[in-house]
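Both complexes below contain chain A, partnered by chain B and then by chain C.
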Partner chain A sequence: MNTPAYTLDARAADATAPTPHLPGDLAIWIFILAELLAFGVFLVAYAFARSGDVAGFDARQLGLDRDAGAINTVLLLTSSFFVVRATQAVAAGACARASGWLVGAIGCGLGFVVIKVFEYAEKFGAGVTLSSSTFDMFYLSLTFFHFMHVLLGLVILAALWLGTRQRRYGPDNMNGIESGAAYWHMVDLVWLILFPLVYVMR
Partner chain B sequence: MKYKSQAVAMPYFIAAIGLFVGQILFGLVLGLQYVVGDFLFPSIPFNIARMVHTNLLIVWLLFGFMGSAYYLVPEEAETELYSPKLALGLFWIFLAAGALTILGYLFVDYNTLASATGNDILATMGREFLEQPLLTKIGIVVVALAFLFNISMTMLKGRKTVINIVLLLGLWGLAVFFLFSFYNPTNLVMDKFYWWWVVHLWVEGVWELIMAALLAFVLIKVTGVDREVIEKWLYVIITLALVTGIIGTGHHYFWIGTPAYWQWWGSIFSALEPIPFFAMTVFAFNMVNRRRREHPNRAAVLWALGTGVMAFLGAGVWGFLHTLAPVNYYTHGSQITAAHGHMAFYGAYVMVVITIMSYAMPILRGRQANSNKAQVIEMWSFWIMTISMVFITLFLTGAGILQVWLQRVSEDPMPFMMVQDQIALFYWMRLWSGVGFAVGLVLYVVSFFIKGKEPEAVAA
Partner chain C sequence: MMPPDPRPIHATPARALGVWTFLIAATLVTWLVGERGAHGPAVVALMFGLAYIKGSLIILEFMALRRAPLMWRMLTLGWLTSVCAAIAIAYWKGMNS
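This part shows the complex of A and B:
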């Protein structure tokens, strides 16, 4: 599946991309890899800490709201799907359709944020802090770190939406929307790993 | 030189080199005091010499940064400096304030200095690296603000390049975080907590922006690679630097009374701090490999590449060595820290300032590059200083490992001063490496006085 449906901006491809088929900018991929590495190291630390106190971690984990987590998973997946459709629409030269898909993606992302805020409010009310237990420290740090990425991702999606409204992207200019989409998929991917590890697996 | 006003950079660079020489002299004094405890006592005790050594470093780097900004900002903005007179005036004020402060350290008892300079009104003195009297600190703020005003106005009236924006962000950050040197809570934990906001957020935060911008500028000039490519790298590097460096402050919060989660946060984020430095190395080599021309100033290219490598080793690798909380539990405040401090400061900030001086000084003196002979001497100084610094670092690391073992790990731990006797051999070897460094520095200074014909530019 390496045949691109469109050609990259030739100048950008010459300047940064070692292969002509990399969707989006090389810089965003370096950034994404660094982000994944950061989350990866955090999750390894989590696994390391958990191995020292499995029972304690399991007990605290039971207190988490798995339903809210599951709904959020669906929201992020749906939102990622919308972003894919938006990118495809731009590649087909249909910027107006793309901005519609992006509104859907942003809506799902905002839904994630609202649910997360309620979840945090409930946890803080129950006395969960960074110091209440090692599990709580990881739960709050990991999810909040991810939460911040969702917020940044939403800003990026909003910028993409504006770009599609102004017809800045098109089959010949996919760099921006592909870079933003790649970032949003990263946010989604991290949650797909984080949710089972922190909320579900025992 | 494209703009006349860039010439104000020259006195800044000269002062920087002069103070650098002073710093190294005091480094040699300190190195000797480690093994001959009463050397120069009581006229220059260890604590004073150390204060002068570290303060001179900071001050000369600030001179270097300011000189670099005065050179770089007009050229990037494609306009004359807003006020060359202000820049020159500030130079003399800053030099006088710096000199008076150092003389104060050397010739006035620190307590007397404190009471004579208003420390009773607002206590800010007595903290490592921020020992400057209140008056000096206020002077630094005034000079910094006027300097920032000058270069910000220059940028505002001209072209706004990414390099200029990143550089200004770094310099403004430098000034803003310095304000925490005025905040001195009585609670010792809080005191240390905010002390790091100056010390750490300088060297592992905003200074990295300055460094990346300076490096990017020189690389554009000496390689002729497209600005777009270099700017993209710059974005990635500064994002990585800030993401890892800001929360990475946590690696200083392990054992000072702050909550335990800092041990996780600090370990995780600072474990990633080598990444931006690694990116800078890849960046420098990548750009030089893709160069579109052979710049006649080969010495500047060498310094630029060296900065990438040595910053990664000193700040990245040697920082990582002791940044994880379980490791730092043993190594905290040992000679391992000193090893890291030496190579990181040299590799990142000393070398980047020399890089830009190496590039700009010949141009400020009316030529593209120095004569071949001068460049050869300069490159010798590069290798001698750099290799000496590698040895200083290795010997201090050896000293640190032995120190940690004897003092903190072994079954029968020895007291601090007895351990110092045991590791004296490493201190001697460090001292000789320091002498080597000083030789390299002398050669560096000599390279400025070697005449000869300017080399021709060669198309790649």
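This part shows the complex of A and C:
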């Protein structure tokens, strides 16, 4: 039996359309989902703890440095943008250009770390501890949990930078850089909810 | 002439720059809300509406899940939707307690 012409046309069209594709390694996405779930529970726990003591949480929140939080948001977003540009450079076969973008991404990440360390130093100096109030407990543990992910993300970015220097990635070998990039974007994604929730919402 | 991108799942540089510009602008709005000490359900709805759009852009554009299998978009966007919805419910609960 002859295949109808329209079926052939449909197949030809399918061949040119991009097929659905998960960037990076399947394992990193399972890891990212697990991380998102942990952060999700933590963020929602904060929101419901606040609903039981709105006045107490709002009063303690006034002591946070929103400027530092906003600058850190800009740094993480810019870092993520640089990582996207690095991934695009590798996809275009320009590994040297990619390592330049990764240097920028690592620089922004380090900026986040420096600002956060100053923020913690100020808080500890003001007597903020895990047991000084429920808000402080959430603020310190949530932001520190995220901070640890920023540090791990920076180690991953450094490994990617080394990989681009050694020209280990290319248009046909994107798995490593796509996996590392996805992890770094996850760190950014969590901060995008954490910042308005803990620093601004009242 | 540049060869065609063999991995079209990654956005173009111009598109990524557009996304970054929006993300920064939305962050400035959130910062302004904090600076002015603005509060109340309308402000929180605006702020988390923006956070939801920002999160979606990170997932679809930066994480490049726009052309990923539907399941992965549902899982990640589902996470974002659930967390934002739970925060909204908790905020509403706090207003009425």
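One rule holds in what follows: the second predicted complex is superposed on the first by the 182 of 202 C-alpha atoms of A that agree within 3 Å, B and C clash if a C-alpha of one lies under 4 Å from a C-alpha of the other, contacts with A are read in each partner's own complex, and residues count from 1 in each chain.
Operating definition for what follows: a contact is a pair of C-beta atoms (placed from the backbone, for glycine too) under 8 Å apart; a residue touches a chain by one contact, two chains touch by 3 or more.
Because the structure is a prediction, the values reported are computed rather than measured.
Applying the stated clash criterion after superposition on chain A shows that chain B and chain C can sit side by side. Of the two partner chains, chain B is the only one touched by A:Leu130; chain C is not. Residue contacts after overlaying the shared chain place A:Ser141 against chain B, while chain C stays out of touching range.
Touch criterion met: A:Leu77 reaches chain C, while chain B stays clear of it. One of chain B and chain C touches more residues of chain A, and that partner is C. When the two complexes are overlaid on their common chain A, residue A:Leu37 makes contact with chain B and with chain C alike. When the two complexes are overlaid on their common chain A, residue A:Asp25 makes contact with chain B while staying clear of chain C. Contact with chain C, but none with chain B, is seen for A:Met201 once the two complexes are overlaid on the shared chain. The minimum CA-CA separation between chain B and chain C in the overlaid arrangement is 15 Å, rounded to the whole angstrom. Residues 37 of chain A touch chain B in one complex and chain C in the other.
Chain A makes touch with chain C in their complex at residues 18, 20-23, 29, 33, 36-37, 40, 43-44, 47-48, 50-52, 54, 58, 66-67, 69-70, 73-74, 77-78, 80-81, 83-85, 87-88, 91-92, 171-172, 174, 178, 181-182, 185-186, 188-189, 192-193, 195-197, 199-202. Of all residues in chain A, those touching chain B in their complex are 15-16, 25-27, 30-31, 34, 37-38, 41-42, 45, 49, 130-131, 137-138, 141.
Residues of chain C that touch chain A in their complex: 2, 5-13, 16-17, 19-20, 23-24, 27-28, 30-31, 33-35, 37, 39, 44, 47-48, 51, 54-55, 58-59, 61-65, 67-70, 72, 75-76, 79-80, 82-84, 86-87, 90-91, 93-95, 97.
Against chain A, in their complex, chain B makes its touches with residues 226, 228-229, 232-233, 235-236, 239-240, 243-244, 259-261, 264-265, 267-269, 271-272, 275, 279.
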